[in-house]
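Order as written gives the chain letters A, B, C and D; numbering starts at 1 within each chain.
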Amino acid sequence: MKPKAKSPIFWPLAGLVALVLLNAVHDLGFLKITLLDGHLYGVPVDILTQGSRTMLVALGMTLVIATGGVDLSVGSVVAIAGAVCAVLLQGGHSLAVTLAAAIGTGLLAGSANGLLVARLGVQPIVATLILMVAGRGVAQLIVDGQVIIIKSPSFEFLANGFLLGVPFAPLLVIALYAATHFALRRTALGLFIEAVGDNETASRFAGLAAARIKALAYIFCGACAGLAGVLAAANIRAADAYRAGENMELDAIFAVVVGGTALTGGRFVILGTAIGALLIQTLTTTMYNLGVPPAIAPVPKALLIIGVSLLQSEKVGRWLGGLWPKKEAA
Amino acid sequence: MNTPALLELRGIGKKFPGVVALAGVDFTVRAGEIHALLGENGAGKSTLIKVLTGVYSADAGELRLAGRVIRPAAPKDAERLGISTVYQEVNLVPSLSVAENITLGRQPGRLGFLNWRAFRRRAAAALARLEVKCDVDAELGSLSVAMQQMVAIARALDTSARLLVLDEPTASLDEKEVAELFGIMRKLRAEGMGIVFVTHFLDQVYAVSDRLTVLRNGQLVGEYATADLSRLALVGKMLGREVSAADFTSHAAAPAVTTQPVLAARGLSRRGAIAPVDLALQPGEVVGLGGLLGSGRTETARLLFGIDVRDAGEISVKGAPVRITSPRDAVRLGLAFCSEDRKGEGILPNLSVRENLIFALQGKRGVLRALSRGEQEQLCEHYIKALRIKTADAETPIKNLSGGNQQKVLLARWLATQPAVIILDEPTRGIDIGAKQEIEQLIAKLRSDGLAVLFISSEIDEVVRNCSRVLVLRERRLTGEIAGAGLNSENLMHLMAGTHEAQS
Amino acid sequence: MTKSSSISSRQLPLIVTAVIFAALFGTAAHFYEGFFSARVFISLLSENAFLGIAAVGMTLVIFSGGIDLSVGAVIGFTSIFTATLIERHQVAPGLAWMLGLAAGAGLGAGMGALIHFFRLPPFLITLAGMFLARGAGFWISTDSIGIGHELYGKISGYEWVFGTVVVPANALFLLAVMLAGWGVAHHTRFGRTLLAVGGNEQSALLMGLPIGPAKIGVYTVNGLCAALAGIVATLYTGSGNPSMGLGLELDAIAIVVMGGTLLSGGRGHMLGTLLGVLIFGTIQAAILFDGRLSSWWMRIVVGALLLVFILLQRLFLRRKRS
Amino acid sequence: GFAQTGAESAWRTANSDSMKAEAAKRGIDLKFSDGQGKQENQIRALRSFIAQKVDAVVLAPLVETGWDPVLRDAKRAGIPVIITDRSIVTTDETLYACFIGSDFFEEGRMAAEWLAKKTGGTGRIVELQGTPGSAPANERRKAFAEGIASHPGLKIIDSQSGDFRRAGGKEVMEALLKKHGKSIEIVYAHNDDMALGAIQAIEEAGLKPGTDIVIVSIDAVREGVQAVVAGKINCTVECNPLFGPKVYDTVAKLLAGQKVERKSFNKDELFDATNAGAALPTRQY
C-alpha cells in the first residue's frame, strides 16, 4: 500500500495543540471559558479575538504568496484604513460610508501594488516596499500625526462586540475564510492562482490572463488589510497611525508559510493559514502567561519558526517516518 | 570481445513514491564503445543515468567504474570520477554567459581568483570543437534551445572524462548538428572513451552505436550488439509487442480543398524576428513549417498565437479579421499552441497531471464555469488512456513524469479545448517511437476531424510523412512552399538549405 | 579585455542605474545649494557605511536566490556584544571584534545549514535568525553602552586627506568591503557558483557545482558582513546599542535591488550595489537638505522617490530591450 | 537644525509641532529631520546640518550613547548643540552646550511616590512596559522600581511590554487579567496610550478601572487627563513636550555668547483627581 500523503496542516495543528497543552499544564485556568455579562470570557476567546486581525491579513497574504509574490505593505494599509475610519467617523459620516471607504482604501492600495507587480513587472518585495514606506506616512498625514479617538459604539462593535455571546470579530473573519475558500475552490480561481504561482509563463501560454490573476490577488490582499485596519481601529477605539499594523506583514507571512503554503508560490492552504495565525497569537499569549521577560520575547518566536519549519521539511518527515514506520502506515 | 568493462551497474533498483522506476537493472559499458540506452518514455533511462551520476541514490545494486566500486553522492562526485553528463532537459544557468556555463565549477584561475580571459578562450575552444559559432559572452538564456543544447554538450566535452553520458542530446538538434556531434562521438570513441547515448531516433542508434541496452518499465529487456538486431526487432523489444512496418506509412492525405481557411495570416511580421509571412490553413489540413534551426519557425508560431506582438500584418479566423494580442485571445478563437520548451513554457511542475491537463480548457471556459471534479477525472481518464500517458495516477505532480509523458499531457491539455487550429512546435521531441506513432496517428485523426494543424518539426521525415503542404522558412523569411508530389525529404532539405535553385 | 556588444547588453541595467543616479544627484544639486560638493558626495558613502557593508553581504545572498532578514538584528547584537565585552569585561577591542565576527558568522552558518540541509525557505529561517539575534542583543543589555576605549577615538577620528577632499575612516571601510565583495562576486569560483545556484539551483546541482558549501558559505559570509557592519557601527557612534539596525535589512535589500540585482537570484553586479548605496544616500541627503518635511511627508517622499526610480529603471530597460 | 527621533506618539508629535510653531513665530529657519526611530538617521541628520552650516543644532537623542563622534564634528565646526528631552552619556561634557529636558527618572519616581501615598504602601502591581530597550521604558522602569523599593508592601507581580501601543496595552492587560484574576490591584503603565488600552481590557473583564484597579501612568496627554477626570486613571505624571520657547530662548542666548544653565528640566506636574479637572481646559496636547 502506498503511504497516504500527510495533510499539510498536520504540523501547524500539532504545534498549536502542543502550545495550548503547555499552557494548560502551566495554568489550569488557561482553557477555562466562562460566561461574563452574557458573553464568553476566557483566554481562548482572547486569542481568537486578538488573532482575528492577523488571520484576516494572512488570508489575503496567502493568495499573494500563492502567486509567487509577497506583500510587505499590509501593515501600512492597516494604518491607513484605520486613519480613514477615524477621520470619517469624526466628520460625522455613517458607519456604512466609513467601512466602504476603509475597504476602498485597501482596494486602492492593492491595485497600486498589483499594477506595479503584474503590469510593470516590478519584483513584489520592492513594489510593496514602496507602499510600506510611504503608506505609513500617508496614514499619519491623514490624522495629522495625532491619535484620533473614535466614539462610535456601532463601530466598536466590529472588534469588541458579541453576537449571541460569541465575539463578533472572529466570527466575521471565519466567515470570510469560508467565503474565500468557497470562492476559490468552487470556481477555477484557486487553480488559476496556483498555476500562475507555479509557472507564470506556462499559464500565460495556456491562455490565462496571468497578469490579471496576479493583480487580483494583491487587490484582495489590500482589501483584507483594509478590513483588518478597521478591526484594529475598532479594537482600541482609536486610529494609531504610527503603530497600528506594525510588523503585521511578518506575522502574516509567517502564518501563511507555517500553514503550509510555500513562499515560492503555487499550492496554497487556506485553513493552514488560519491555524498559523492562531499559532502566533497563542505564542504571544503564552509568553504573557509564562512571564517571559519582554526583552527576550523574540527568542521563543524564533524557536517556534524553526521548529515548525523543520517539522514540515521533507527530510525530517522522512526521519520521523523512519522512527515510527508502523504508525505512518496506519 | 575482450575489451574491459569501463562501467558496470548490477541489480540497480530505484523506487519513487508510487512508481518503481528501476528494478534489478544491469548495464555495462566498455571503454571505446558507444552504447545506446533505449526504451519507451518512462522506461527509466534518465533515472538510470541519474543514479549513475549521483543525483539519486539507488535503493539496491552496485556501481563499478573500471572495476572499483563507486558511490557518487552528488553529480560533482561523478564528475570527479570522470563521468561527464549531458542531462535530458537542458540543465544550464540561463542568466550566465555561454563561457561561464561551459566552465562553471572548473574555471581556470590562480590563487582562487578567476582568469576570465583564459576561461573565455577555453569556452570558445570547446565550442569550436563542435563547430558551433556562438558568442561566448552572450547570455545563455537568449539562445535557442538547440543552441543551449550545443552549449551543454560543449560543457560535457570540456573535461577529460572517461565516460560520457548523453541523455537525448539530439532531440533539439538539426541533421547537420547531429552529424557533427556524431563525428565527435566517434573521435572520442577512438580515444577510448565510453559513451552512453540515449535517443528515440532509431536511425541515430544504427548510425553510431556499437551496442545497445533496452529497458522497459524499469526492467532490463536485454543487451544486444546493434548490428545483430533489426529495427523491427528492436522496436518490438522496446514496446514489448510486435510491430509491422505498415505502422509508419505516410498519413498525409490530399489537401482538403475548401473555400475558407480557418486561420489565415497576411504580412505577419516582427522586426528582428521574422520578415512578413503569409499563410493559410484549411480545415482538415496539416501544414508543415520547415526550416533549419533559428530559421524563425517558432517565432512565426508565437506571432500567430499572440505571445509576441506583431509589428504588422493581420490575422483572420474563418474569414473574419481578428485581434490577437495575447494567447488568451488566441485560445478563445479556437487556437492551440504546444510550445517547444516544455519545462519553461509548458508544464505547471508542482500541479497534478489532472490540473495540467484540464488547465487550458478551464482557462477557455473562464473562472466561473469550473469543471466539476467528475468532468475533470473523466477527461483525465480518457486522455491518459488515449495517449498512453504513463503516470501513477492523475494526482501525481507532473514534474515526476518522464519527459515524454509530460509532453503527452500537454498535448492532451490542448486537445481537451477542442481547438479548430493546433500549432505543434516540436511535439515529438523526446517522445518514444511508440508514442510518436500514436501522435502521428492522432494528427491524422485530428485532420480527418476537420482540424487544421500547423506542424513544426526538425525531423524532416516526420514533416514529409505528416504534412500535405510545407512552408519553408530560411533566415527568418518565408522562402518557399512544397506540396503534393514534390513533397519529399530531398526537395525539402534543399529548400531549407537554400540549395534548391542550384538543383533545379 | 575586449568589450563586445553583448557584454554591454548584459551590463545595461548597471548603466541605466548609473545614469539615473547621476540624474538624481544632478537634480538635487540643482535645487539645493551646497549639495554639489565632494563633501556631500563622500558623505553619501561615509554616512551609509554600515548599511553599505551589510548590503555587500546581502548582494551575495541575493545572487544565490536567497534573502537574509537577520542582518539588522545581527548588527544590533554585534554592536552591544562587542561594547559589553570592551566596557564591562575589559576585553581588548581586537579580541572583542574577533568574537563578534565569529558570532555573526556562526549564526549565518547555522541558518545556512538549516536552509540547505532541510531545504527550508530562507525568508523564514532568517526571520527566526532576526528574532534570535534581537532577543540575544536585548538579553545582553537593553541600554546602550558607550565605548570609551582610546582605540575607538583613534579609528573613528582617522581621515584620509586627499587634497581638499577628506575621506573619513567609515567611507574607507565601506570601499574596502565593496572591493572585497566585488572580487568575491566576480572573480572567484565561489561568487560564480552563487550566481549559478541563484539562476537555477537544479541545474547547478546537475552541473556538479558544490551547492551545499556555496549556500552555507554565503550565509556565513553575510553573517560576517553584518557583524562587520555592527562593528563599524560601534566605531561610527562610539557605542553599542542593541536596537541598532532596526529594519535595516529592508534598506539593504532595497539598495541591492536598486543596483539592478534580480531578487530572484542569478543576475546582478556588485558595482550596482555601490550605486544603490549612492542612490539611497542621495535620497536621504536631499531630504535632509530640504529640512522642511514633517515626519510623514518624509516617508511619503522616500516612497515616491523609490517609485520613480523603479519606474525609470523599468522604462529604460524596456525601451532598450525591444 | 532639529533632529527629532520620530513621530511615534502623540506626545512626540506635540513636541515636534511645538518646535516648528515656535520657529515660525520667531522667524527662525528651522531644518527639521525625523529619525524614524533610528539613531543612524539622527546622526546622518546632524552631519547634514553641520554640512549646511546651521547656527545651532537641537538634538532629541533616541538613545543615551553613541553621539561622541558626531558631536565632536559639530564642536569642530563651532556649532552649539542643545540636547533636549532625553539626556546623553558622553566622555566629554563639553561636546554639547546644554541639556533641556524632561526627567524620565523623576517621572518614574513621582509615580511611585504618589502610589505609595495613595495606597499606604501595599498592593500588587502589574507593569506595562514600553518598547524594550527604549530610553523612557528603561528609565521609567528603573525609577519606579527604586521608588517602590522603600515600600516592601508594593510588589510588581508581573511586567510585560505593550510596546507603548494602545493595542499592546489592551492585549497584555487582557492576558494578565486572566492570569492573575482579581489579585491585580494596581497597574503602572509607561505611557497613557497603554493605560488607555488597559482600561478597555479591564472594563471588558467587568471591572471598574480606577476603582477596582488603581491605574498610574505617565505622559498626561489630553486623553489621559480626561480619563483622570472621568476617574478611570488615578494619576498621570506629566511629561511636558512643549519645548519650543525654552529651546529657542536658549539658542538665542548661546548665539549671543551668554552663559546658559548646563542642565534644566521642564517642570513636570502630576495630575490626579484633585487637580485634573482644573488643568484639562488648558491642555495644549
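In the analysis below, a residue touches a chain if its C-beta (ideal position, glycine included) is under 8 Å from a C-beta of that chain, and two chains touch if they have at least 3 such contacts.
These numbers were taken from a predicted model, which means no experiment stands behind them.
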Most distant chain from chain A, judged by the mean position of its C-alpha atoms: B
Whole-Å separation of chain centres (CA-atom averages), chain A against chain B: 44
Distance from chain C to chain A - Cα centre to Cα centre, in angstrom: 30
Of all residues in chain C, the ones touching two or more other chains: 138, 142, 262, 294-296, 298-299
Chain A: positions in contact with at least two other chains: 140, 145, 295, 297
Contacts with two or more other chains, residues of chain B listed in rising order: none
Arrangement of touching chains [line / ring / star / complete / other]: other
Inter-chain touch pairs (all): A-B, A-C, A-D, B-C, C-D
Chain A residues within the chain D interface of the complex: 27, 29-30, 36-37, 41-43, 46, 50, 140, 145-147, 149, 160, 232, 235-238, 240, 242-244, 246, 284-285, 287-289, 291, 293-295, 297
Interface residues, chain C side, partner chain D - complex: 34, 39-40, 43, 47, 50-51, 138, 142-148, 153, 156-157, 233, 236-247, 284-285, 287-289, 291-296, 298-299
Interface residues, chain A side, partner chain B - complex: 2-3, 186-189, 191-192, 194-195, 198-199, 201-209, 266-267
Complex interface listing, chain D residues touching chain A: 6-10, 13, 16-17, 129, 132-133, 158-161, 163-168, 170-172, 174-176, 178-179, 181, 193, 196-197, 200, 204-206, 223
For the chain B and chain C complex, residues of the former touching the latter: 53, 55, 74-76, 78-79, 85, 87, 91-97, 100, 104-105, 107, 109, 112-114, 116-117, 135, 137-139, 155
